[in-house]
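The same chain A turns up in both complexes below, where it pairs with chain B and then with chain C.
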Partner chain A sequence: MDTKKEKFPHGIPGYNLGEIEREIPAEDPPAWPINDELRVIGKRVPRLDARAKVTGEAKYTSDIQLPGMLYAKMLRANVAHAKILAIDTTLAEKLPGVHAVHLMHEMDDKDHLPMVKFVGQPIAGVAAESLDIAKEAIKLIKVKYDEKPFVIDLEDALDANAPLVYDEPIAEQRDGGDVGVVHDGSKGKGNLRGPSTSSFWGGPRGDVEKGFAEADVVVERTYRTQVHTHVPLETHGVVIDWKPEGMTVYASTQSTKGVRDELATYFDLPKSQVRVICQFMGGGFGAKHSAGTFGPMAATLSKKTGRPVWLMLDRQEEHLAEGNRPNSLHSLKIGAKKDGTLTAIQQKSHGTAGVALGAGVGRIAQILYECPNFTTEQYDVLTHAGPGAAWRAPGNVQGAFGVEQAIDELAEKLKIDPLTLRDKIDKSDVRKVERMRGAEKFGWSKRQPAGSSQGPVKKGMGMAQSTWPRFVHLDSSVEVKLYKDGAVEVRSGVQDIGTGTKTILAQVVAEELGLEVSDVTVRIGDTVFPDGPASGGSVVTGSITPPTRNAAYQVKLKLFDLVAKEWKTEANKLTVKDGMVVHMDDSSRKMTFKDALKSLRTGHISVLASRGDDYGGFQQSWGLAYGDLGSVQFAEVTVDTQTGLIKVDRIVAAHSCARPLNIGQLESQINGGVIQGVSYALYEARVMDKGTGHFINANVDQYKMPYAMEIPEIESILVEEYPAQSSTDAYGIAEPANIATAAAIANAVYNAIGVRIFEIPITPASILNALNKDYE
Partner chain B sequence: MKTDLPKLCKYLRARNPYGMPEGGENPWYLLDDANTIFWCIRTAGGTGPDYALVGPGTCQKGRGCYADDEERKGDKPYQS
Partner chain C sequence: MNRFSWYEAKSVEDALKNANTTLSEELYSPSNEAAFFKSGGIDVLDFLKEGLISPKTIVNVRDIPGMDKIEHEHNEGMTIGANVTLAEIEHHPDVAINFPALQMAVAHAATPQLRNMSTIAGNLAQRTRCWYFRSVDHQCFRKNGDRCFARHSETGQNEGHAIINNGSCVSVHASSIATALLALKASVVIQGGDMKKKVVSIEDFFVSPMQDISRENILGKKDLITEIKVPAPSANTKSFYIKQVARESYDWSLADVAVVAEMKGNTCVDITIALGAAAPTPIRSYEAEKILKGEQLNDMSITKAAEKAMEVARPLSKNGYKIPLFKSIIVRALSELI
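Entry: the complex of A and B
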């Protein structure tokens, strides 16, 4: 590969900004300067689709209407554990208006009736002329269950006599496995799986016993977090139209290509015969990457009937079966010397993702602070409940709730300010700057000792911080097209899940071509375009904006070649500025970008580019680039010690996503992450009935979420950082916005009342109980 | 990419906490198994056609519903 050397801005403006030389691919564009010197990037550009969204013009999946469309509904199990003995669909099939009935297990195996493992497990689907008829029809399906004992509580499931979710006791743990390491399965039995004892993030190191022996102070605590569902405004669902020439799928998804690939595999179709479209998306938060059970069901019903089928889940189904953030019982022991140096961290956790795996919480403890001695044991506990799913920073939010409280306790024991201790043990430059700037904006110097607030209504201040890896997906491509009539178009399969991807792609192209954002048409969310990354793990911006800039740059050079011929000059003498193509040596030689495009011999020219490796050798052997996205959040709370009521008054959220592309959109994402964090800390919790196995608050009434008056004032600080890793040097911010909030609130509550709460949600009852216990 | 894994069922899929799909035509990374979600394409869920848990430790040759790359769905129905 031909390369060239380029000088890039490097570091944090106002702290350590400098310059660094990188060897980069010869076809890549030159380095952008810092945002202050750019025209469109790093500015508050309004969302391109804002008007469409607020006027209702935007069509979400549930809004899709196709000629002859049928409506589908799924029948779900109403028992937690059973063998199905018989399913009778006769009456449903006879109901006028019903066009097809399909049994879930017949997707794969017609000969065996299924086992039920949780309330809400899909059993059958019906397609009918209206949703009401479909709902009526599923009531007519008779299911005969042979009910079996079940367990839905994490600690009950650990009992030696607990009903087993999976019949065979596990003798050897081999689920998952760390890089180069096979699990120690000696402790896996019954409903227990694990432990996961290491990871590529660091994992076990040193000697913890020796580390604790060297410690002057030790904090040892157990923290509890609840099961938390995703509650996107738009539920999971699809509209599928399966014609002989192929299937068109309108999906509410975080990955158009993921849904395409899954349905193609499921139905043995070439990918070219599955087209997935997601034009507008009403939130996902990690749970909407796959086709789910509803995808294959809708496709099968469409195939059976020869008609398009609409299948969107209702709110109850969403809660029951489409993912949740697993709970956790998280024990931490942390030792430190008098000067704050950490000597040992010992972590052990249990969590339940229901019938699935993935309830670990260990990453934050492994990586946030430097500590030479570390062990972790992370266990999954299987229960008869709906499966967990990725939820905005999987495992990290639960982990941070414990780690960041323990670090605060350590600081108190050492009589060191929590920020000073973190300055000592956290090696991240960006978090150091976030702590400095955040503390100043927040007014940290006004913080009083814990429990010193006078009167029954007490004020408290706290903070917490987080880390998230700066990943990119290399399978991220984009095409930039210039049309002879002057139009500019960006095309990629990447979906915009509501964060503003369309707008940042237009900004990148507009900046590169010297145009206005409104000059650029962005077409994304359709698998007929080049594959884009999935919207998960905060990877979209870092994955798709560099190839977008590279494609725009390269297509610009093609245009310059044509203009240079016409002007009888060298193409490298041309540049773009304010919508014009300009000769660098003679500013009188210029023409509008639109006029320049008239020189095309064809109707359009285009360049397709894909994400390359990060600059500077930041690449793992398995093809992933990474770095660190740091965040520090400060919380101010009011606690009424007579009623237990807690109000989060204010959050100052200091974040970094390398080069910020759109300030307004980033602030909006931070707001969303903080609100979800407040909700997680104080309100949301799945409540299960141990007697029936039912999720009893599977709605948006009793599943408490904050209303407007409960949302704090949120102030964001975006710390610009230039790592010089790609042509845009920009990364996402979704996960980091959510990780530290609950821990910061817990630390603020402690500061207010002088009694620490180790379990979320922190409710009025838990405040009063904690105060009473302390009083006793 | 994880290279020391035994051959896994062609219908096993996963998504790691960093948003990357694994399995199928995507390589197995298993970067952070404590937060990785596994599911079976055949059942569209975390339980296999045999109603046992799916995962790279169990979706291997020898399991009744296991299918390797040469087998297509339907060629080998689950035998209980």
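Entry: the complex of A and C
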């Protein structure tokens, strides 16, 4: 690759902003200055599709209506563990209005009736003329089960006599949403898999025994977190129309190309014959990378009937079968010297992702602080429950709940302020600035010693912090097209998970071409366009905006070539400003961008730009682009010690995503992450009955989520930082916004009542149980 | 949800003629020929959507003329038509002035949207929210099954369940408004199939699982609530109500309490203390009332009363926290009377 040298802004404005020279690909645009000097980037640009969303014009997957469309419903197991002896679909097939019935297992193994391993496992699908008929039909399917003993509790599953979830080693399971979790299913025995002894980008180091011997103070605790489902407002589902020339799939998905690739592989079709479309997303949070089981089912029913098939899950199915954040039983031992220097961290965790794997929680303990001696053992425990899935910072949220409480406790033991301790042991500049600016806005100096709040209703303050890697998805492409009539279009397969991807692409192109955001048409969420990144791991902004800018820049140069010929000048003498193409040496020589496009010799010109696997950033492969997205959150809570009621009054969330592109959208995303964090800390929990194996609150009434009165005042602080790593130097903020909240709340609850709660959700029952040991 | 037909009742008589069972009877022993009432429809719709019940006919009593009025007579008290919505009660000036406990209970029920749709009769006649009872996969005592899942000492998920009178079904009644009506000694007017009216005190309206596991109230297949009567309070009566939840925007009670007292200075002449989400039905704590009757209300006496009220409590595996919780809210409610 040809390269050139370019100077970039580098560092944190107001702290250590400077300049750095990078060697960059020759065809890349020059460095952008910091946001203060840009016109569209880093501003509060209104979301392009806001109006369509709030007026209901936006068509989500479940709104798709096609001629002749049938409605499908899946029959799901209502037992936790069984051998299926017989399935009789006769009555269902005879029901008027039913067009097709298909058995799930026939897609993989026609000859053997399957085992049921969790309540909610799909068994069959029906396509009918209405959803009511489909629902009636699945009730007519008779399944004969040979029920087996089951285990749904993490600790019960470790018992030597516990029923086994799998008799055989299980293969690594992975979809686009999986990052940094334990996946090796081959090791272990019984229901235990693992241990994994490292998380990504790190691993064991030093000698922990020596480290603990050097410690003046040791904190050793066990923390517990619950199983937490995703509860996207829009459930999983697809509408599939399989025609002889190929299938069109409308999917509520975080990865149009992922769903395409899965279905193409499953049905042995060329990728060109599977088109996946996702125009609007009602939330995914990690669980919507895959075609699932409903995708192949809908496709099969469409093929069988020759008609489009609508298959959206209901809320109960969503809870039971479409992913959850695994629980954790997380033991930490941390040693430190009197001055706060960490000497050793020892971690051990167990978690269950039900019938799946991926319950590791080790990364935060491994990476957040400087500590020379570290070991981790992370185990997956299999249970007869719905499969886990990636969930907004997989493993990190559970991990931070423990680590950040342990550090808080350590600070108290050392009689050092929790912020001061972190200044000593955390080497991140960004988090240092976040702690400073956050503490000031929050009023940290008003924090009182734990338990000193007077009266029955107590106030408390706490904080916690987190790290998330800057990932880049190295298969991210985008095309920028200029039309002769003046139109500007961006095209990529990347979907907008709901965070505003469409809007930032328009901003990037408008900035580069000197246009307004409204001049740019953004077409995304369709695999007929160049493949974009999956919306997972907070990668979209960091992966798709650099090639978008590069494509806009390169197509602009093409236009300059044409204009320069007409003006009889050099292309490098041209620039764009306020909707005009201007001659740099003679500002009287100018024309509107629209008029400039009339010089096109064809109907349009376009450039496709990509970040491929040979290009991680300004350095190749696993290069500079990878680093750390730091965040620090502060929580203020009120705890009524007589009723146990906890109210989170305020969260100050200090975050960084390198160069912020759209302030309003980023704040919205931080609000969402904080609200999910509050919900995780205080409300949501899957409740299972150990006797029946059922998830008994699989609704949104008794599976509690916060509503308006539970939402705290949320103030966000965006710390601008310029790592100089790409042509936009921008990253996402999805995961970081959700990691620290629960730990910050737990620390604030401790500060309020002087008693530490080691398990979430923290409910009135857990507060009262902790404060009233003697009522029984 | 199954297909069913809809009958629009024109009068109470017409409604009674066209119903053949209650939701509870149909749930306990399904006939698949059921025709039963729906008023606001909140609870009935839940049963239909969960697939717990498949009626043949829904008899809509929501629009029967004349059942949607609140009448207040200073000496007699208040008569609330069966179809009056919770929102109407919440905002009625006479309710707030004369029956603060009722106003507070109604204002904390469900959500503003649901209060616009729910009727007072439907609220009293709703069934328990026990998650096992509401699950098609759990055949509990209440549905003619052979066990109480929640009661099980190792597997029962009973954090929200009963701590008093929990020897059989351990569910708690879902209406928190009933707690206030019980403390206010309200009664329910029921019209039977014979078109005779009967007036039943709230206390007798609710049926405990020990009396009859198949139902939570006395309504029979030919019974329709037409109104609720709340007697006029004697002079110097004060009342207060507290509903304690985990989530303030919208939640079912973890514990709720209503207190109504006739005061003479700081002396309590007469008092009722009603507890909700403590037992399978709303209950009065006669023992606690006895401690306070004729006594000064002060920190010591009300703490003693709260302790007494919880003496009968026998918590299950996961709901012991309800004891300190009830004590706290009883003390707080009584303190408001001083």
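Everything below uses one rule, namely that the second predicted complex is superposed on the first by the 736 of 776 C-alpha atoms of A that agree within 3 Å, B and C clash if a C-alpha of one lies under 4 Å from a C-alpha of the other, contacts with A are read in each partner's own complex, and residues count from 1 in each chain.
Note that in this section a contact is a pair of C-beta atoms (placed from the backbone, for glycine too) under 8 Å apart; a residue touches a chain by one contact, two chains touch by 3 or more.
Just so we're clear, the structure is a prediction, and the values are computed from it rather than from any experiment.
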Dominant toucher of chain A (residue count), chain B or chain C: B
Contacts of A:Gly258 with chain B and chain C, given as first, second, both or neither: first
Chain B versus chain C as contact partner of A:Pro114, first or second or both or neither: first
Touched partner set for A:Tyr683, first chain B, second chain C, both or neither: second
First, second, both or neither for A:Pro296, with chain B first and chain C second: first
Partner chain in contact with A:Glu710 - chain B first, chain C second, else both or neither: second
Contacts of A:Asn78 with chain B and chain C, given as first, second, both or neither: second
Chain A-touching residues of chain B, taken from the complex the two chains share: 1-2, 4-5, 11, 13, 15-21, 24-25, 27, 29-39, 41-47, 49, 51-53, 55-58, 72-74, 77-78, 80
Of chain C, residues touching chain A in the complex: 1-3, 51, 111, 129, 131-132, 135, 137-138, 149, 152, 154-157, 159, 244-251, 254, 315, 318-321, 323-325, 328-329, 332
Chain B contact footprint on chain A (complex, rising order): 107-109, 111-112, 114-115, 117, 165-168, 172-180, 183, 193-194, 196, 199-201, 254-255, 258, 261-262, 265-266, 268, 289-293, 295-296, 353, 355-363, 378, 382, 387-390, 393-395, 469, 471, 473, 533-539, 621-624
Chain C partner contacts - residues on chain A that touch it in the complex: 78, 119, 132, 135-136, 139, 642-645, 647, 682-683, 687-692, 694, 696-697, 701-702, 704, 706-710, 763-765, 768-769, 771-772, 775-776
